[in-house]
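There are two complexes below, and they share chain A, which is joined by chain B in the first and by chain C in the second.
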Partner chain A sequence: MMKYESQGVAKLYFIAAIGLFTGQILFGVVMGLQYVMGDFLFPEIPFNVARMVHTNLLIVWLLFGFMGSAYFLVPEESERELYAPWLAKLMFWIFLVAGALTILGYLLVPYAQLADLTMNDLLPTMGREFLEQPTITKIGIVIVALAFIFNIGMTILTGRKTVINLVLLTGLVGLAVFFLFSFYNPDNIVLDKYFWWFVVHLWVEGVWELIMASLLAFVLIKVTGVDREVIEKWLYIIIAMALISGLVGTGHHFFWIGTPDYWQWLGSIFSALEPIPFFMMTLFAFNVVNKRRRDHPNKAAVLWALGTAVMAFLGAGVWGFLHTLAPVNYYTHGTQVTAAHGHMAFYGAYVMVVLTMISYSMPLMRGQKAGNQKAQVLEMWSFWLMTVSMVFITLFLTGAGILQVYLQRFSEDPLPFMVVQEKVALFYWMREVAGLVFLIGLILYIYSFFAKGDEVVFAED
Partner chain B sequence: MRETFTKGMARNIYYGGAVFFLLVLIGLTFDTVKGLPKTDNSENMTELVAAGKRVWERNDCIGCHTLLGEGAYFAPELGNVYTRFGESTEAIKGFIKGRPVDGIKGRRSMPQFNLTDEELDAVAEFLKYVDGVKTARDWPPNVQG
Partner chain C sequence: MNSDELQLKRASKAALFSLLNLTVLPVIGFIILLLIYQKSSSDSIDHYYSVIGIKTNVFAGIALLLVSGLMILLGGFDSPWTWVYVVSYFTFVHALFILFATWVLVRSWTGEKLKKNILSK
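After this line comes the complex of A and B, so read on.
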């Protein structure tokens, strides 16, 4: 059912992505428990280690997801086989082994010892949030990314060039280029923080949005049959707004780290515009699905696509806006409000877009047009369980965050951090319950791939 | 979208907007970096502070704490810990040194990192230096961080 045989390499990437996703959620549940039972697994797995595993697995599995998506999408858009399928397979194993060794390193030896083992002193890059990977792993990521971009780039350049595959390529090149800032780690803490955002912000509020929008556009073309011209126009205007707002919008991270005051204005104004591209994505997805020319048998994929647009707007757009204006951020910066936003934004935008691609492409790679009836029903159940529980995780963390802000920063008599943490514990317990529901949703999601049932009957298109 | 708004126009907004605002960001970055010495406390940057930043990183302190509001939200803000601990590096060192190896029953506890005296000196100096960074509106809002 695939148009090109080499698209099949995506399957490896997606299986690894789902496996690592499961690890991420298990460690998330551990951390959630540590929030309320402080000595859980202490000192074997202290919170910082669990968090490193949780966030690094997220990044790595999303990268697997993006790469798998690109390997599936690019041959089809370019109307040719992948330039070098063997390279895609080789890089898969290199990335998987490097990723697994890094995670095992976090878990099995103290972090300082891992720094020594990997000779961090030669080029110290470790110990910064999300960039905790040993320098050698970072170099590995660059090599894998370059080989990947070469493979994808050669396929596109020697094949049909579409807006979708060119935007995707731009996003992926941007991803690789901005990652290079992770090697810059000056002693000056303000400089360090300033350029750290060139990886973190310009990834998730910049080039990743290009990747996300192009993946979504691809799936929407496939499942709705709407004219490519219409979809490409939307795609351009969405990513235009993403970069117009998001580039200078980086300034919302430069409010309180010793950078000039003008960032209060620039960061507030431009990041207030950042919800626009996400809102347009929602309009786009619903508009296109309403105008569909065919009813695709893969209902689950359509649900994921629409869900992505809505949840990305809520998580990245609305929850981002909630605390992005400098006068508000003065109180909320670095509290559970940030955590709330982080969870729904990552889930809504990037987790869901990868799951959309998997949902659309996996049946095709397994020789079906769509999953069987039962598999789709289970998948849609898992969609709702994961999505609704993520909404509740976000709401509970927001509740905890608002209380934290009041008690620790706003009231007449500010209380110490740890005292406040105990006062908001009820919210952490509820978040943990929601987290367990998410885990159940994920288990159901995995099970849906193995469910047997009646083939979906569909009209010829 | 209406036919009067063509794909070509959308493409031009994308390229034009992206390039223009990338240049704006680069320009602002040069300006920010140039002006940093006024706020970044670099006059107090020493070998010891730099070594302290390495200690901070080698032990993944950011995995639990925030520093100027960035990091994890599991443990207190440390960008102003020097002020909170009565402007005493000794108090900071004492706290780090005194963490129980097996934690505290039922509660969050900082691990015992077994830092050497040199490492303790360095990381305390580093935290003192970060406290000296002049943040806008003197963030965090109060001593509790």
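After this line comes the complex of A and C, so read on.
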């Protein structure tokens, strides 16, 4: 069912992605419980370690997901086999082993000792959120990324060039280039924060949007049969808007970190425009599905694609805008409002777009046009369980955040941090319940791959 | 441009201003929507979409402004819990209205009425 045999390497990447995703969520619910029962699993898994594992697994599995997606998409768009399938397989194992060793390092060795062990002194890069990996792991990531970009780059350059695969390539090159900032670790903490955001912000509100838009466009073309020309026009506008708003929009992280005042204006104005590309993606997805030429048998993939567009708009667009203007951020900076936004945005945009690609491509790699009836029903159930529980996680954290802001920062006689944490505990309990439902959704999702049932009857062809 | 095309154009304009009234052009968007409604003849597609736009926005006005206003009135301006409810409610429900108006806009571009489900043709 695949058009090119080498697309099949994506399967390895997707299986690893789903495995690590499961790990991420398990650590999420452990932490959710630690929020209300402080000594749960202490000293075996301290909160700070669980947090690092949770966020690092997220980043690593999304990278697996992006790479798998690219390996599936690029041959088909370029109309040729992958330049070097063996390299893709080799890099898979290197990345998996390096990733697993790093996570084990976090769990088994105290962080400071891990820094010693991996000779952080030689080129200190550790100790910053999301970028906690030992320097040697970071170098490994760069090698894997270079080999990956070489592989898909050569495939594209020697094959058919489409707007979709060129946008994807641009996004992936951007991902690799911005990661290089993580090797620069200046002593001046303000400067350090600048460069930290050049990785984190320019990823999720810059180049990753290109990756997301191209993956979404690919799946939408496949499941709707809508003309490429229509889709390409949308892609141009989305990308232009993403870069125009997102680059200077980085300033919304420079409000209170010892930077010049003008960032409050620049950051507020430009980041206020950042919802536009996400909104355009929603409009685009609705429009394309509305104009579809055929009903694809893979209904689950269509659902994921629409869900991605909607949830990314909610998480990044709406919940991002909520706290992005400097006068608001003055109060909400670093509160649970931030965590609410971080969860829904990461899930809605990047988790969901990877799951969309998996949903579309996995059946094809297993020799079917679409999953069987039962598998699709289960998958759609898992979609709703995970998505609705993420909406609730977001709402509960938003509630906790507003209460926190009010009691700790807004009221006439502000209360201390920990006193306030006690007062918002009810929200944390509810978040934990929603997190468990999310986990159930994920288990159902995994199970759906093994479900047997009747083949879906095709509407046409 | 024949009258059919003109109607279609006005229909999508109505859907657009309904969305704009919910987002960056409150009040002004609604006034323009009313003007489009006035110009349309009943039974036409532009009439259909301007009525949907007006209904959506009146309903949104009630659901967002009135309900939030009541929450503040009943909960008290100085209670943190009021703001927990008002901000979460307003943000979420407002976003749902925007999504609905967006879908209506997309439908209006095809010149068909809403009815059809987006997942099955």
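Quick notes
Everything below uses one rule, namely that the second predicted complex is superposed on the first by the 459 of 461 C-alpha atoms of A that agree within 3 Å, B and C clash if a C-alpha of one lies under 4 Å from a C-alpha of the other, contacts with A are read in each partner's own complex, and residues count from 1 in each chain.
The rule is simple: contacts are C-beta pairs under 8 Å (C-beta built on N, C-alpha and C of every residue); 3 or more make two chains touch, one makes a residue touch a chain.
Computed from a predicted model, the values in this text were never measured in an experiment.
Following the overlay on chain A, a side-by-side fit with no clash is recorded for the pair chain B and chain C. Contact with chain B, but none with chain C, is seen for A:E232 once the two complexes are overlaid on the shared chain. Remark: in the superposition on chain A the angle formed at chain A by the CA centres of chain B and chain C amounts to 100 degrees, rounded in steps of 10. In the superposition on chain A, no contact is made by A:L104 with either chain B or chain C.
In the superposition on chain A, contact is made by A:R292 with chain C only, not with chain B. Once the two complexes are laid over each other on the shared chain, residue contacts for A:L123 go to neither chain B nor chain C.
By the document's definition of touching, neither partner reaches A:L146: not chain B, not chain C. In the superposed pair of complexes, A:V49 makes contact with chain B only, with no contact to chain C. When the two complexes are overlaid, the chain among chain B and chain C that reaches more residues of chain A is B. By the document's definition of touching, of the two partners only chain C reaches A:T282; chain B does not. Within the superposed three-chain model, A:T398 lies in touch with chain C and out of touch with chain B [touch as defined at top].
Closest C-alpha contact of chain B with chain C, superposed model: 9 Å.
Residues of chain B touching chain A in their complex: 1, 5-7, 10-11, 13-14, 17-18, 21-22, 24-25, 28-29, 31-33, 35-36, 39-42, 45, 49-50, 53-54, 56-64, 66-77, 101-109, 111-113, 129-130, 133-137, 139-145. The part of chain A that touches chain B in the complex is made up of residues 34-35, 37-39, 42-43, 46-49, 51-52, 111-112, 115, 120-121, 124, 126-129, 132, 163, 185, 187-194, 229-230, 232-234, 236-237, 239-241, 243-244, 247-248, 250-251, 253-261, 263-264, 266, 330-331, 333-336, 338-339, 408-410, 414-418, 421. Interface residues of chain A, counted against chain C in their complex, comprise 279, 282-283, 286-287, 289-292, 295, 299, 302-303, 306, 310, 313-314, 318-319, 322, 395, 398-399, 402-403, 406-407, 411. Interface residues of chain C, counted against chain A in their complex, comprise 80-81, 83-84, 87-88, 91-92, 94-95, 98-99, 102-103, 105-107, 109-110, 118-121.
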